[in-house]
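The same chain A turns up in both complexes below, where it pairs with chain B and then with chain C.
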Partner chain A sequence: MTETVTLPKPAIEARPPGVLTRLRYLEPSNLLWLLLVLILLFLVAVPIGKLLVVSFEQQGTGAFTLSNYATAYGRVRYLEALGNSLILGTSSALLAAVFAVPMAWAVSRTDMPGKGLTWAAVMGAFIMPPYLGAVGWILLAGPNSGFINQAWRWVTGAEGALVNVYSFPGLALVIALHSFPLIFIFVKSALDLISSEMEDAANILGAGTMTATRRVTLPLVWPAILGGTIVVFLETIALFGTPAIIGIPARINVVTTQLWQFFEYPVRVEVAAAYAMPLLLITVGIILAQKLLLARKGYVSQTGKGGERRIIRLGVWRWPVFAYCAIVGSMAVVMPVAVLLQSSFAKAWGRGLLAPGNFTFDNYTYLLFRHEMALSSIWNTLWYSATAATAAVLIAVLVAYIVTRKLVPFGSALGFLAMAPFVIPGIVMAIGFYAAYAAPPLALYGTALIIILAFTARFLPIAFANASAAVRSVHPEMEEASRILGGGRLMTVARITAPLIRRSLLGGWLIVFIVASRELSSAVFLVGPRTRTMAVLLYDLSEAGNFEVLSAFGGLLLAITLILVGIGMKLAGRDFMLRRN
Partner chain B sequence: MTGVGRRGLLAAAAIIGATPRAGAAELPPHEQELYGAARREGEMTWYAGQLSAEPCEAVGKAFTERYPGVKVNVVRSTSQVAFQRLAQDMRAGIAQCDVLSSTDYSHSSFLKREGRLLAYRPKNADGLLEFVRKAGDPEDHFHVFYIGVHLLARRNDRVSEADAPKSWKALTEARWRDQLAVGHPGYSGAIGAWAVLLRKLYGWDYFKALEKNRPQIGRSSIDPVTTLNAGERSIGVAIPSASTLLSMSRGNPLSLIYPEDGTVVVPSPSCIQKNAPHPNAAKLFMEFATGPEYFRVTRAFFNESLRADVPPPEGSRPLEQVKVIMPTPEEIEKGVPEVKEQWRDTFGI
Partner chain C sequence: MPRLTLKGLGKAYGKLKVVDDVDLTLEEGEFVSLLGPSGCGKTTTLRMIAGFVEPTSGSITLNGQVLSAPGAVLPPEKRGMSMIFQSYAIWPNMTVAENVGFGLTLKKLPKEEVRAKVKRILEVVQMAHLADRYPAELSGGQQQRVALARAIVVQPAVLLLDEPLSNLDANLREEMRFEIRRLHDEFRFTTVYVTHDQAEAMATADRIAVMQGGRIEQVDAPHVIYTRPRTRFVAGFIGRTNLIEGRFANGEVGLDGFALRSDQIPGSMPASSQPILLSLRPQGMALHRGRPATGRDGVPLLAATVAQRTYLGESWDYIVHPEASGLKLRVTAPPLQVHEVGESVWLEIDPQQIAVVN
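This part shows the complex of A and B:
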C-alpha cells in the first residue's frame, strides 16, 4: 500500500522464476479484463441475446416457432404503429435539428446577445423529463382549453384553435422540444473547433457571411449534425411516456405503446420480443448508414497550426437571431414550466391561478406528507440512480483505461460491448432484462437490483464515452514515470490517473445520474410495488385524473434535478452537462 | 426495517404504558386475532385498480391507524395495468401482491380458475348490502367492497341542463361532435364493462356512431374528468361518480347526468393471492375493507357506501332511485377481451 512495501519486492524476487512467481508477474489487468467481460456480458449481451432467443420461442413450451413474428406483424394496426414510429422519429429529429443548429451556430460563432440565457434554456430543456414537458404542453396547447388557444381566441375572436397538441405535428413538436439539446451539444462543440481561416478564405473569394456559413461552416460540422439527429431519431422511436400521454388521445399508436399492449394479460414477452426486433435492426442499420455517409470525405477542421477564431458580427441581425433562440427556449422550458407551476399551486387548475381562493399548497403537502408512495419513490429514484451511475462510471473507466492503453489483446471488444447499449432502445432493453432476469433462478423482478442493472447497462455508453475521452486526455508518460519508479499498474491508476481525471468522471457520473433519475421507458416494465421510481409514479399519476397533484409532483422532480445540477456545476464545472470531448 | 419498527413500538409501549394495547383491545375478537399475526408480517401490498389515488392512500393510512405496525403498500393504477403487473409477477414466478382490487370481474374469476386465490370469508362482509354480498364469489375466493358507478357529466358553463344529453344513445347525435371524452377499455376495466353493456343494448354500431363524433380518448375512466375540468371537452362519458363528485367539491363546474337508459354499476371484486407474501395482513385488510371504517374513509371521497350503517356520499342520488344496469361476471369475462379488440379497430387506438 505504501512505497516501503512495494519497493523491496523486486529484490526478493530476483531469483529464477517458478510458476508461482510468474503468476505474481501477471498483470492484475488481465484478471480485471476477464471480470469486465463477464460483467458486460451479463449487462448487455445476455439480455439482448435472450430477447432474440425468446422471440423464436413458443410461450410455455419454449419450442422453436416463427408464430411470434406472425402475430407481431400479422395485423395492419401493428404495422401502422411501426410506420408511425418511423415517421415520428424522422419528423422529431428533423424538427430538433431545425431548432438546434441555428442556436448552436449563434452561441458558438456570433456576437448574439443573451448567450447565457440561451445556454440556460438549452440546459433546462435537457434536464426536463420529456413526459413532464408533454403534460405542460397539454395544458398549453389543448385545442379548446390550452392557454395558447385561449389567448388566440381572445385576441383574434376566432372560433377554432391555433394549435392542437393532440395531433401528429403536436406530438412531434413536443418530442423535438425536449430532444434538441442533444443536437445542440454535438454541433456546438464541433463549431467551437473550426477556425475562422476557412471562412476567411471563402470571404476572400467573394462569399458573404451567410454564404460562407452555408457553404463552408455548416458542411464542416455535418457529421455532428448527422450524429445528433440520429441520436434524436433513436431516442424518439424508443420513447414511451410522451406517446402514451399525447399519442393516445391523438389516436396515434406507435411501437412503444403497442409493445405495452403486448404486456397486457396474457403477457406475451415472446411477441413483444419479436415486435421489438425492427427497432434493433433500424438502429443498427442507421448507424451503418451514418458510417457510409461520412466515409471518404474529409471533415478535418483541427490542424496543428492553431487557427484563430473570430466572432461573426451580426449587426442588426443580432436581435432576430436572439429572438429565434428565445422562442425555442420559451417553448421548450419557460412556457411548460410556467403552466405546470401554476397548476401545481391551484385547487382547480381549469379556473386559473388568479381565481379567488384557488391558490393552495395542498398538492405539495399531500404528496410530501399524505402520499404513501411519493417520498419512497423519490428516495428510490435517488439511490437507484446514484448506484447505477457509480457502477456505470466504474465499469466505464476501467474499460476505457484498458482499451485506450491497449493493455490486453482484443481490448476493443470490451469497448464495443460498452457502447452496444447505445443502439438498443431503452424499452427493448427493459424487455430483454425482463426476459433474462425476471424469472427464477435469478428472480430479480420487483427488486431494486434489476432496475439498477438496467439503468447501469442503458447509460453505460454515456459513461464510457465520457471516461474514454478523459483517459485519452492523460498522456501515458505520467503513468510511465510512476511505473519506472516501481508503482504497479493499479497503484499508478489510483494515484496518478484517477486524480487527473476525477473532475471529468464526476461530470460523467452526474449526467448518468440525472438521465437515470428521469428514465421512464426502461423502468416502466421493471418496477415492482416497492421499487417505483419518480418517473413511473408520475406516469401513474397522469391517469389518475388529478393534474394539480401531477404538476406538483413534476415540480418536486424538477426541484430535485435543479439542486443536483447546481451541485454538479459547483463540483464539475459550469458546463459539465454540455461538454463533449 | 420492520424489526426496528417493532422494537420501536415495543419501546413506545413501555413508555406510554398500556395505551397501544388499549387501542387494540377495541378491535372485535376476530380482527384482534388476525391483527396479532398480521403485525408479525408488518405490511401488505395492495394492487389497487378501483379507487382513485387519493382515497387509496387514505385507506392505506386508515388501515395502519387502526392496526398500528401493519403498513399498506398502495400500488394504485388502472385495473388493467394492475392486472398486467400481477400477470408479469406470475410470469416471472414472483409473489409480491397480497390483495388485487380491480374493476374487471374476469381478473378474479380467471385467477380463481387457475387456483391462484386464497379463499377467505371476512366476518365483516356480513354487514354489506345484499346485492353486493351476492356479487362476491359464493366460494369466497373474491369479495366486492367497491362498485363503480359510471354515468355522464357535463360542464355547467358549456352545456345547460336542458340541452344536456339524457342518455347514452343521445351521445351519437351530431351536435356532440368534438364535445365528448371517454376512457379506454384497454386500460380501464370499468370502461370495458361499460362497453360490454352498451354493446348489449345497442350493438357495436353504437360505437361506430360514437366515433363519428370524435370523442377524446384517454386511458382511465377518470381521465375525462380532467379533460372536462380543463374545458377541453364538455361531456364526460362513463365517468365514475365518485371522482366527479370529488372534483365538483373542489369547485370545478361539473354536474352529473344519470342516463335514462341506465346508470352503469360495475361490481368490482378484490381477492387475496394464494401465494400472498403476507396472508394474515391480507385477510385483515379484507376485514377492514368490508367493515364500516373503510366506507367512512372512502365516503369522504364520494365513493358509494355499501353498508347500511354508513350513509351514501353527499351529492349522489341513491341508486334505488335511478335505473341501473349491471353486467354479469360471464358477460364481462367473455365480452371485455372482445370489446377491447373491437374498440381498437373502431377508434384506431
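This part shows the complex of A and C:
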C-alpha cells in the first residue's frame, strides 16, 4: 500500500479557508486564462475598437468629429461604390448558386459519369487563389487579344469583341467561378444527409423523380443553399483582389477598391474607417440574422442520420448533366490555368505558344534570379503564414481547451473573442490593425510583425473551430484517468491530450497556413516595401501590366499552393480543406 | 480504523443540491457500492472522493487526513487512488502494456520493475497475450480488463469504479461482475463502486449504500438491504415488492380485509397506534391450490383469485386478489406451479419476510 497521501496542513472541516490556502490550490489555468484574455483583446478587440474610435477622430489632432463620415458618404462616386458592392455581391452569389447547386445534386444523388473529375474541378477552384482566376480570365476574355475574342474574330471574321472581362457581368462571373465551391460543399453535405426514404415516401404517393427532387429534396437543402449563398455574398463584398485586378481598369468602383484608394498617399485612415462601417455592419448583421433564423426550431429539418441512399438514374440525361459540370469546371479551373501557364512560357502571350520563337523560360528565370522582390516575397509568405498558423493554432487550442473543459468561470467569453473575427471582413480587420498598431507607440507599420498578427487574428476562427472539435473528441475521462493515477494537469495534457489531438491540429494548421499564404485583402493594407507577400507582389505585377511575367509569377504561386495542398492531403486526408465546420 | 470517511458531504450547484449531507465510512479493504437511479448524486459523490469535484459542504478524510473540504481540495493526482471509468478511458495512442504501466512510470519506478508488475497484472486479468496490442484492436470486454489492470496495478489507497459495466452486453456484464469481485477478494483494496444496477451491486459489494435525491437512504449488507429495507424508496428500488398501507393498533397490524399479529413481524413497531407501511416481497408469499393444513400458528391464510399472470422463465409472476380486500398482490411461484387467470387459490403470507418501512 502506498501511503503518500499528505496535505501540507490538514484543513479544518467546514471552515472557509484563508487566502493562502486558496492560492496554494489555485490551478495554473486561471493565470493562463488571464494571459489569453490579454492576447485576444490585443488581437481582436483593440483593432476593432480603434477602428470605431478613429472613424470619429480628426486626422492629426484626434479631436471628435463627424467629418470623416461626411467625407466618406459625401460623394456620389463613394455611394455608387457601396451600391456596386451590393449588386456585385448579389449577382455573384446567385450566379455561384446556379453553378454549384446542380453540380452538388449531380455528384451526391445521381449516376452522372465523371464524378471524380467534377470533384477535382471543384477542389481545384477552391484551392486556386481567386486573383489567379482573374488574371486567367483577363487573358481569356480581354477585349482586344483575349483568346476567346481572337477565336471569335478568326471564326466569324467580325471586328469587335464577343466578350469583355472588363465589365460588370465579367467581374461577377469571374468571382462566381472561384466562389461556387463554398455553396457546393454546403449543399453536397446537406444532400448527403438526406435519406432516400424521404424521396421514396414522395414516390410512393405518386411523385415522379423530378417532382420528388423539386418538392422534397430541394426544400430540405434550402437552408444549405441559402447559407452558402449568403457566405459567397459576404465574401464577395469583402473581396479585394478580383475587383482590383478587373474592376479598376474597367472603372468599376466597389467598397474594397475605394478603401484602397483612401490608403493611397496621403493615407486617410480615418475616412477609410468611417467608410468601412457598412461592410462591418452588413456582415455582422447578416450572420447574426442567419444564426437567429437557424436557431428557430423546425427550420433545420434534416436529421443527422444518413439512412439508406439510392442513386437517381439519369438515363440519357447523364451526358447533358455531365456537360454542365464540365463547362463550369473548365471555366473555373482548366481554361484560366491553361492560358496562365501558356502565357508564362511566352514572349508575347497573345500570339500563342506555337508561334515561332515565342517559347521562353525567361519569365521564370527573370523572377527567380533577377527580380528584386519575387524570391523574398515567397520567403516572406512562407514564414509569415507559418508563424501566423502556429500562433493561431496555439492560441486556439489553449482557448478551446479552457472553454471545452470549463476550467474557469466565464471561459466562454474567450471562445466568443476567438470566434469574433469570423464576422469581421479581412479588409476591415486590416484597417483596424493599421489604425491601432501602425503608428507609434508600437509603430509596427512596414514590419513583418503587423502582418503576422493580422493573419493570426483573421484566421483564428478557423483554427478555433478546428481545435474545439479536436478537444471535444477527447473524452474528459481520458484525462481524468491519467490524473487519478498521479499525473498533474500539465503533464496529462502533454502525455495524453496532445498526442490524441496532434493530427487534427496539424490539419487545422495547414488550412490556416494555406489560406494565409494566399491572403491579399488584409495583406495589401499592411505590407511595407520590404514585407511584400506573394499575393501582394502579384497584385503589383498586375498593375504593371506585364502579363507574361505576371503569369509566370502566378505559375509559381500555383505550384507552391499545389505542393502545400499535396502535403496537407498526405498528412491530413484527401478532403481536409473541404470539411464543413 | 476506518480508512475512508465522508462526513456531511454535500455538493450544490446554486440552489440545486446534487449531494446532500452524505455520511459514509469505509473500513480498510471494504467494498461499498453506491446504488441509485440516475441523477441521485452517486457519481458526483464518487468524483468528490476522486478529487475532480470540490464539495460545497462537509469533508472527505482518508486515514485521518482531510482530502476534500470546501475551498481546499487535494488534486486527484496526489490522492494515491485509482479509478475505472464508464468509458474505460483507455488511451488509444498507447499499447495495452503502456496503458497499464502508465501509473507506475509516473511513480518513477525502475523500468524492469514496471515491466514485471505489468506482466503479472496482465496475467491476473488474462490479458498477457495482448500486451502489445492497441486498444482499437480490442473488444469491449478486453478494454474493460485493461482498465481494471491499469487501476489495480498501482495498488491504490482507494479504488473507484464509475458504472464500469454499463457499456457491456448482458453476458459479459455478468462475467465481469464476478471478475471484479474475484480481484477484490485477491487484493482487498478499499473500493467504492457506483452503479444503477442492483444485481451488480449485490454481486460485488460488501455493503450497499442506496442513494436517492442526493442522500443516502440506507447502508447495509446486500441481503439486509433486500430483506430489511428501511425506506419506501429502498424497498421499491431493490427488487420488486408489494407496498401495503396498514394501521398499527393493539398488537395488531390491520390491513385491507385482514390483520397480522405485530409480534410476528420482525423489527420494531411504533409506540402508539398509527398508520404504517409494509413491504411484502413476492417471494414472501406462497400460493396453494387447496386450503393447506394450517400448521403454523397465526400465519395468515387468505382465499384469493388469480387476476393476471406472466411467465418469466425462472418463475411465474402472479397478481392475486384476496377476497374481501381491495389489495392486488404480486406473488412469485415456481415455473411448474401453473394457475389459470380467474382460478381460486389460497394465499399464504410469511410474516417473517415482511418489513416495516418509513
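One rule holds for everything that comes next: the second predicted complex is superposed on the first by the 538 of 581 C-alpha atoms of A that agree within 3 Å, B and C clash if a C-alpha of one lies under 4 Å from a C-alpha of the other, contacts with A are read in each partner's own complex, and residues count from 1 in each chain.
Here is the rule we use: contacts are C-beta pairs under 8 Å (C-beta built on N, C-alpha and C of every residue); 3 or more make two chains touch, one makes a residue touch a chain.
Source: prediction; values computed, not measured.
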Partner chain(s) touched by A:G116 [first = chain B, second = chain C, both, neither]: neither
First (chain B), second (chain C), both or neither touched by A:G60: neither
First, second, both or neither for A:P499, with chain B first and chain C second: second
Which partner reaches more residues of chain A (counting touched residues only), chain B or chain C: B
Chain B versus chain C as contact partner of A:G486, first or second or both or neither: second
Touched partner set for A:I252, first chain B, second chain C, both or neither: first
First (chain B), second (chain C), both or neither touched by A:G206: neither
First, second, both or neither for A:P441, with chain B first and chain C second: neither
Those residues of chain A which chain B touches in one complex and chain C touches in the other: none
Touching residues (chain side chain C, partner chain A) in the complex: 7-8, 50-52, 57-59, 62-63, 65-67, 69-83, 85-87, 89, 91-93, 102-103, 106-107, 150, 154-157, 160
Touching residues (chain side chain A, partner chain B) in the complex: 77, 139, 142-145, 166, 244, 247-249, 251-253, 261, 263-267, 269, 347-351, 357-358, 366, 370-373, 434, 438-440, 443, 445-446, 525, 528-530, 532, 540-541, 543-547, 549
Chain A residues touching chain C - in the complex, by the definition given at the top: 1-7, 10-17, 21-22, 25, 475, 477-478, 480-489, 491, 496, 499-500
Chain B residues within the chain A interface of the complex: 45, 47, 52-54, 57-58, 60-61, 72-78, 80-81, 83-85, 87-89, 91-94, 96-97, 107, 184, 186-187, 216-220, 222-223, 225-226, 229-233, 243, 247, 250-252, 344-345, 347-349
